[in-house]
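First up is the structure itself, then whatever we jot down about it.
Read from first to last, the chains carry the letters A, B, C and D; within each, the first residue is number 1.
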Amino acid sequence: MISGAEPLLRVEHLRVEVPTRRGTLVAVDDVSFSLAPGEVLGVVGESGAGKSLTGAAIIGLLEPPLRIAGGEIRLNGRRIDNLPYEQMRRIRGKEIGAIFQDPLTSLNPLYTIAQQLTETIRTHLDLSASAARERAIALLREVGIAGAEQRIDHYPHQFSGGMRQRVVIALALAANPKLVVADEPTTALDVSVQAQIIALLKRLGREHGTAIMLVTHDMGVIAETADRVAVMYAGRLVEIGPVQRIVADPHHPYTAGLMQSIPRIGERRARLAQIDGAMPRLTEIPPGCPFNPRCPKVFDRCRRERPDLLPAPGSDAACWLYDPATPGSDSSARQQGVVADAR
Amino acid sequence: MIAFVVQRVIQGVLVMLVVALIAFALFNYVGDPINNMVGQDTSVSDRARLREELGLNDSFVVRFARFVGNATEGNFGLSYQQARPVGQIILEKMPATLELSFVAALLALLLGVPMGIYTGLHRHSWLSQTLLAVSLAGVSLPTFVIGILLILVFSVELGWLPSFGRGPVIHIGWWTTGLLSLDGWRAIIMPAITLALFQMTLIMRLVRSEMIEVLRADYIKFARARGLTSRAINFGHALKNTLVPVITITGLQLGSIIAFAIITETVFQWPGMGLMFIQAVTFADIPVMAAYLVLVGFFFVVINLVVDLLYYVVDPRLRLARERVAGA
Amino acid sequence: MLSAAWDEDMAERSKGAILFASLALAVLLSVTANAKTFRWANDGDSNSMDPYARQETFLLSFDQNVYEPLVRRSRAMKPEPGLATEWSRSEPAVWRFKLRQGVKFHDGTPFTADDVVFSYDRAVHPGSNVQTALATVKEVRKIDDYTVDIVTDGPDPILPFALPTVAIMSKKWCEEHNATRAADITKGEESYATRNANGTGPFMLKDRQPDVKTVLVKNPNWWGLKDEPIDIDDVVFNRIENAATRVSALLSGELDMIYTVPPQDTDRIANTAGMKIWKTPELRTIFLGMDQSRDELLDSSVKGKNPFKDKRVRQAFNQAIDEDPIAAKVMRGFAHPTALIVGPGVNGYPADLDKRLPYDVNGAKKLLADAGYPDGFEVGLDCPNDRYVNDEAVCQASVAMLARIGIKAKLLAQTRAKYFAKINAPGYNTSFYMLGWTPDTYDALNAIKALAVTRDGKNGVFNNGGYSNPQVDDLSKAIQVELDTGKRNEQIAQALKILKDDFAYIPLHQQVVVWATRDNVDVAQTGDNFFQLRFVKMK
Amino acid sequence: MSELTAEVAGTTPVAPVANAPNRRRFRDSDLLWSFRRSPVAVVAATIAFLIIGSALLAPLLAPHDPFDLASLSLMDATDPPAWLDGGNWTYPLGTDNQGRDVLSAILYGARLSLLVGVSAVILALVLGIALGLAAGWYGGIIETLIMRVADVQLSFPAILIALLIDGVARSALPRDVQGEIAIYVLIAAIALSNWVHYARTVRGSTLVERNKEYIQAARVIGVRPMRIVLGHLLPNVLGPVLVIATINLALAILTEATLSFLGVGLPPTEPSLGTLIRVGNDYLMSGDWWISIFPGAVLALLILSVNLLGDWLRDALNPKLR
C-alpha cells in the first residue's frame, strides 16, 4: 500500500449484486483497494471470481440487472460510482481508458481505424479534424504500427489480431486517460504477441504516468507486469500486496496454490501443483472463509467466521492464520508449512 | 466488378427466358379466352378456327418460341381483350405501378426503419410495445379490408380523398406522372399506405431484431467504454451495422411490393400493371400475362442485382475481398 | 326531315373539318364553367372504340353513343328508325331501307349509302365479332345515295331486330386511317379505330385512356337534337371494377351514376340522402343445366348410367330448388323467378306459361326414389363466381337445398375465363352447371336456337347439356322463316312449353338491372342494360 | 466480459447430480421463468391458445355445423348479431349470406385456415432454409443456381403458381381423387411462392456468419460440414427468419382465400377463415359488416398473438439477448 498522497483510484467496500430467480446474489463482496498514479495493479483469480465485474463497476459499464449495491469508487478523490449517465460518460475514455479481451470483435468492422480514432479523440479533446488525425497517427506509431500514415484508413479486418489489439490500446489512450482498466488484454493473443503487448502496456504506463488495472487469470503476466497484485476468490479480495512479496512469499493459502500452478524456468517438476475442487458458485458460497473447503490449512474458525483483510508480513491476507488471536500464529512459520506440504 | 455485373445480366436474361417458358406451360390452365372474345352466337367451328389462328392449340414450347422470337423485335402481340399492342398497354400502365410502389417503399422505409430503431433501442418502453402490437394489425388485416375501410372513412365519410383512380396525370414523353399535382398526391396517399403497411411492419421488425443483436456486440461496449455519445453509438456504430443485413432483406421485400400491388390496385382502381394483370387473368388474356410475367421477372433480376451490389458497397469486408479477388 | 337551310350551312363548314372540331371543343371548354358534366362508372370498360370489336353489351352500349346503327332500339326496346328513316320488305328475302338525309359524321363527312355498304362489309370480315348479327345477310346493294337493299338468304322476318347491333362507320374516315378492317388479333394488326372514333352519334370522343377514363363531348350538330335536346354537355366515364369502391365513389359525391350495383348494397344507397336506385327486370335469364347427352356423367357417384336422362330426376331437381328464398335473400328481391329460359321483354315471351312448379321436398324425394335413387347421389356442380349477379351465392344456396333431398352436389366455383373454358364447346366438360342467357336479337328464337336445338356446330352452341328433342328442332326451323308474327309467337310458346314440361333446364330467375344515381340525375333504364347517354338529364 | 455471462449463467441451479462445471442449462426452466415475467407473452399465448384450441375443437364447440348444407336455412341469411335488433341468440354473431352461423363458420374456417396456413409456412421454411443454407454455404455454382431459381420463382405470384399446380394435378389425377388433393395443392402453391424470402434471408446471414471465427474453429477441428451448418450456423441465422415466418402466416392464410376465388382452393361450401373474409367483403358496403369483420378480427387476433409470441420466443431463445 503506497500511502501518502491521495491515490488516483480508491475503491472502498465495493459490493456488486445481481437479482436472480433465486434471490439477490453478491458477485463482488466488500472489495477495497487503491491505485496510485502510474502504478500497475494486477487483479487475478479464476474466472467467475468477480475481477471483471470490479473493472466494469469502475468504468460504470455494469449491464443490468447487475448493479453497484454498496461501497464507493473515488477517482482523484471524486466519487464516480453514483454519477448520472452523462457525467460518467465524459469520464469514460477521457479519464478512464478500457481495453477488452477480444481484438477481433472490439473494433467496429464498418468503420476505418481513422474514423474510430478521430471520433474518440474529438469527443474528449477540442481538436480540429486534421489535428485529431495527426494525433491518431502519432498514437498508432506509439503503439508500434508501422506505416501508420497509410494504414490508418484501413478497416479492422485488414489487421492481424495483435495489430488490432495495438489499435485497441491506441483507442484506450486516445484522450490520455490517467487510468486504464485492461480486462484480459492478452488472453486472446498467442504468446509471442502477448509479450509485445505486455511490454507496450508497461512502456506506455511509464511514459504517460497512466495507472493500469490489469485483470487476468494468467499469473505469468502478473508477475512480469504488475507492481502490486490483488487476488480475488468468489467475489472477495483474499490477498493484496507487492508482486515480489506475493510471488515469493504468498500468505493466503489460495494465493500459494496459484503460485504453485505457475511453471518456472529451470524448475524440474513432473506435474504442476493443482488446487483440488472448484471455486464455489455465487449461490453456494460456504459460510466463513469461502476457500475453506479447498484450503489445506483449514481449521474450525475458518468454517465459521469470514476473515477480513488482516495485515500479514509484506501483504494483507483475508485468512485467520494471520489473526494474532489464533494460537501459535507465527505467521511466517505457519506460512512455510503451507508451501511445503501443498501436494 | 464489371465482370460481376455482366455475368448477372446474362443470368438475368436466362431467368426471363425460363419465366416465359414456365408462363406458357401455365397458360394451358388459365382458361379459354375465345369465349370472351367472340359473340355469343359464334359457331363452334368459327371458335375452333379462331383458336387455331391464335395458335392456342400449339404446344407451349412452340408458343414460347414464337413469343421469344417476337419479343426480341419488341413485339409482344395484341391483347386479346383490347386488341391493342401489349407493349403499348404496358408502357401506359407501368408508370402508375412504379410510382405507387416507389411512394409505398419510401413510406415503408421512412416509417419502418426509425420505428425499428426505436423499438430496438428502447425494448421495454410502452411505446415500443404499442408500436409492435399496432403494426401487427396492419399485417393481419387483409389488404382488401384495409383499403375499403380507408375509403369508407376518408372518401365517403370525410370526403377528403378520392376513393379511386390516379387523379390528373402529366405526360412526360411516354411516362405519365401524378406526383407533380396536389390531386395526384391526394389520389396516391391511401393506396400507398395500404401497400406500405405490410412492408413497413416487416422492415420495422427486421431492423429491431438486428438492432438488438448489434447492441450486444463487443465493439458497442468498447465504444461506450470510450465515452462516445449515445447518439454516436446508436445512430453511428449500431445503426450502420444494423442496416447492412437489413438491406438485402428490405431489397427483397420492396421487390415483392410489385406483386403486392395487384390487390391494392384492384381495390383503389389504380391503373397500374397489377390491375391489368388481374383483368388479364380473369379474361385469360395470354399475351398480356406473358409480357407482365417476363417484365416482373426482369424487375426482380434488376432488384436482386442492385441489392447484391449494394451489399458490396456497404460492407467493406466483402468489398475488399471482391477487389482482391478481382485484382489478383 | 331537316330544313334545307341547315344543309347549306353544314356544306360550307365541312371543308375545315378538323378546324371545326377543335373550334367546337374550344367553345365548349370556355363554357365548361356552367356546362353540365355527367360523371359515371361501370365495372367493365368498352374494350375498344371500334363498334365491331366485340359483341358484348357494354361495348355496344357505350360505343353507340358515338356511332349509330340503321335501326336503333327505343326506350321500350323495340326497333325504331336510326340512320334509316323507314324500311320495308320489297320481296320475301329483300329488305329496303330509306336512309336519313343531311346527317354528317363528326368530322363533317356526309352520311350516304356507301357508308352502309362499307360498314356491313367491314362487319362480316375477320377482326369483327358482330358478324353473327348479319348471319342471314347475303348481299347489301346501294340503290341510290339514300336507299339500300339488304338481301337475306331466305326470308328473315326479324332482320330489323338484329341490325341495332351493327353501327355505321364512315367509309372515307376508315380508308384515310386504314381502318377498313377491325383489329384482327390473329394477324397482330392494330386498327386506328380501336382508340379513335368518327361516328354520327349524339356524342363525340374527346379523350380515351383505355380501362381508365374516357371523355365524350356533346355533338352540337347531331341530327336528333331538335326532337331530343341533350341536357348534358360532356361525359366523364371511369372504369371501377371493384364493387365496394364503385359504390363508395358514388356515395362520396365523386360520381353522378354507377352500375352494376350489387343487390346487397342497394338498401344502403337508397337510404343515403341524395341518392336514388333504379331497377327494371333484365332480359338475362339464369338457369341450371344438366348433362343429358353422356351415357355416364363425368362427375358423379352414379356409374353405368346417367341419372339426368330420367325425366323424374330432372323434375325432382326442379322441385327441390326453392327460388323464392334465393330471390328474396340472396338476390335481395332483385330477381324475377321464372319457369322458362326467356323472360319478359323478349319478343315471343309467353307470360301464361311462366309458372314454376311448387317447391316440394317430399315430392322430389319420392321422384328420386321412383327413379331408383332413394338416398340420392353425388354430382359436381360447376359455377362461375364473377360472371352473373351473386352467381356463387345462388349456386351455394341451390347446393344447400339439393342436400335436403339427399343430392350431394360438390360445388366448383371458378372465375369466368376458366369456368367457360370448362363447360362450353368444344369440351362441354360438365355434368351440372349454371348459365345465364340474353338473346342478342331480343327475340326468343335466339335463345331456343342457342340453348335447346340439337348441337350441330352451328346451332345449339350453348346447349352444354346436350339436350336433344326433334320436335324442338323442327319448331326452331319453322320459327326461323315464319313471317306471320301471331303464328310465330304460337310456335315459340309451343317450343318453350315442351322444354318446360320436359324439364330440359332448371330455370331460376331473370336478373334485375340495378343502377344508382344521385337524385338530381334522370336516366332511361331498359332491361337490356343498354345505357344511352342522350336520355340523361341533370337538374 | 465473456466471463460475466458465465458468472450470471452460472447462477442457474445445475442438477444436484452434475456438480461438475457443466454449462448445460435447463432451458425450459429458464424459458418458463422469462415467460411468466413478460405480460405480453402471457396474454398473447392465451389468445393464441384460445383460438387454436377452439378451432381444433370446432365440432364440439360450434353451435351449428356450417359445412352441413342441409341444415342451412337461407331465410336466416344475413341476420345481424344477436345483441342487435333483428338478431337472435341461435346465431350469436349473426349469419352470412348463405344463412351460415358466423360463429360456427369462424371456428370451422379457422381450422382450415390454420391447417393450410401453418403447413404452408412450415413447408416454405424448411425449403427456404435448406436452399438458403446450401446457397450461402457452398457458394459458387450452387449459390447462383439457387438464387436464379429464386428470381424465376419471385416473378410468379402465388395465384399463378396455384393455377399451374392445380392444373397439372387435375389433369394428372383421376377425377374422383381430385377432391382430396385440393388442400395439398393449396399448401404446395402457397409454400412454393413463399420459400424465396426465407432462402434469401438465410443466404444473406450465412454469408456473414460463414467467415466468423466460431465457424472456422469448428471447421478446423474437423466437425462434419453438415453438423456445422445445422448445429452452429442455423441457430444464428434464425433471427430474421422467425420474424418473416410469423408475419407470413397471415399472408399464407389470406393467399388461400384469393386462391379459392380462382377455384383452386377449398370448395366454397366449406369456407376457410380467409374465404369468409373475402366473401364478407362484398357485404362491407351493404351494412352487413359482421360477415367480414368478425372473421377478420379473429384472424387479426390470431396473427397478433402468434407474432407477439414469435417475438418473445425469439428474444428468449436467443442466448445473446438474455
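Heads up, the rule we're going with is that a contact is a pair of C-beta atoms (placed from the backbone, for glycine too) under 8 Å apart; a residue touches a chain by one contact, two chains touch by 3 or more.
Computed from a prediction, not measured in an experiment: that's the story for all the values here.
Asks: Compared with chain B, which chain's mean CA position is the farthest off?
Replies: A
Asks: Any chance you could check whether C-D or B-C wins on number of contacting C-beta pairs?
Replies: Between the two chain pairs, B-C has more contacting C-beta pairs.
Asks: From the C-alpha centre of chain C to that of chain D, how far is it in Å?
Replies: 46
Asks: Taking each chain's centre as the mean of its CA atoms, how far is chain B from chain C in angstrom?
Replies: Centre-to-centre distance between chain B and chain C: 39 Å.
Asks: Rounded to the nearest whole Å, what is the centre-to-centre distance of chain A and chain D, using the mean of the C-alpha atoms as each centre?
Replies: Chain centroid spacing, chain A to chain D, equals 50 Å.
Asks: Rounded to the nearest whole Å, what is the centre-to-centre distance of chain B and chain D, using the mean of the C-alpha atoms as each centre?
Replies: Roughly 23 Å separates the two chain centres.
Asks: List, in ascending order, every residue of chain B touching at least 2 other chains.
Replies: Residues 29-30, 148, 152, 218, 221, 244, 281, 317.
Asks: Check each residue of chain C and list the ones that touch at least two other chains.
Replies: Within chain C, the residues that touch at least two other chains are 244, 248, 414-415, 418-419.
Asks: By residue number and range, which residues of chain A touch two or more other chains?
Replies: Where chain A meets two or more other chains at a single residue, that happens at 100, 102.
Asks: In the complex of these two chains, what residues of chain C are touching chain B?
Replies: So the residues of chain C in touch with chain B come to 41, 47-48, 50, 53-56, 127, 129-133, 135, 182-183, 185-186, 188-191, 194-195, 209-213, 238-242, 244-246, 248-249, 251-254, 386, 414-422, 424-426, 437-438, 440, 446, 450, 455, 457-458, 461-462.
Asks: Which residues of chain D touch chain C in the complex?
Replies: Residues in contact with chain C: 68-70, 72, 74-75, 77-78, 97-99, 175, 179, 261-263, 267-269, 281-288.
Asks: Help me check something: in the complex, which residues belonging to chain B touch chain A?
Replies: Spelled out, the residues of chain B in touch with chain A are 217-219, 221-230, 232, 236-237, 240-241, 244, 314-317, 320.
Asks: So in the complex, the part of chain C that touches chain D is made up of which residues?
Replies: By the definition above, chain C touches chain D via 243-244, 247-248, 262, 264-268, 298-299, 322, 325-326, 328-330, 385, 390, 392-393, 395-397, 399-401, 403-404, 410-415, 418-419.
Asks: Please give the residue numbers of chain B that touch chain D in the complex, ascending.
Replies: Spelled out, the residues of chain B in touch with chain D are 11-12, 14-15, 18-19, 22-23, 25-26, 28-30, 129, 132-133, 136-137, 139-145, 148, 152, 198, 201-202, 205-206, 209-210, 212-213, 216, 218, 221, 244-245, 248-249, 252-253, 255-256, 259, 262-263, 281, 293-294, 296-297, 299-301, 304, 311, 317-318.
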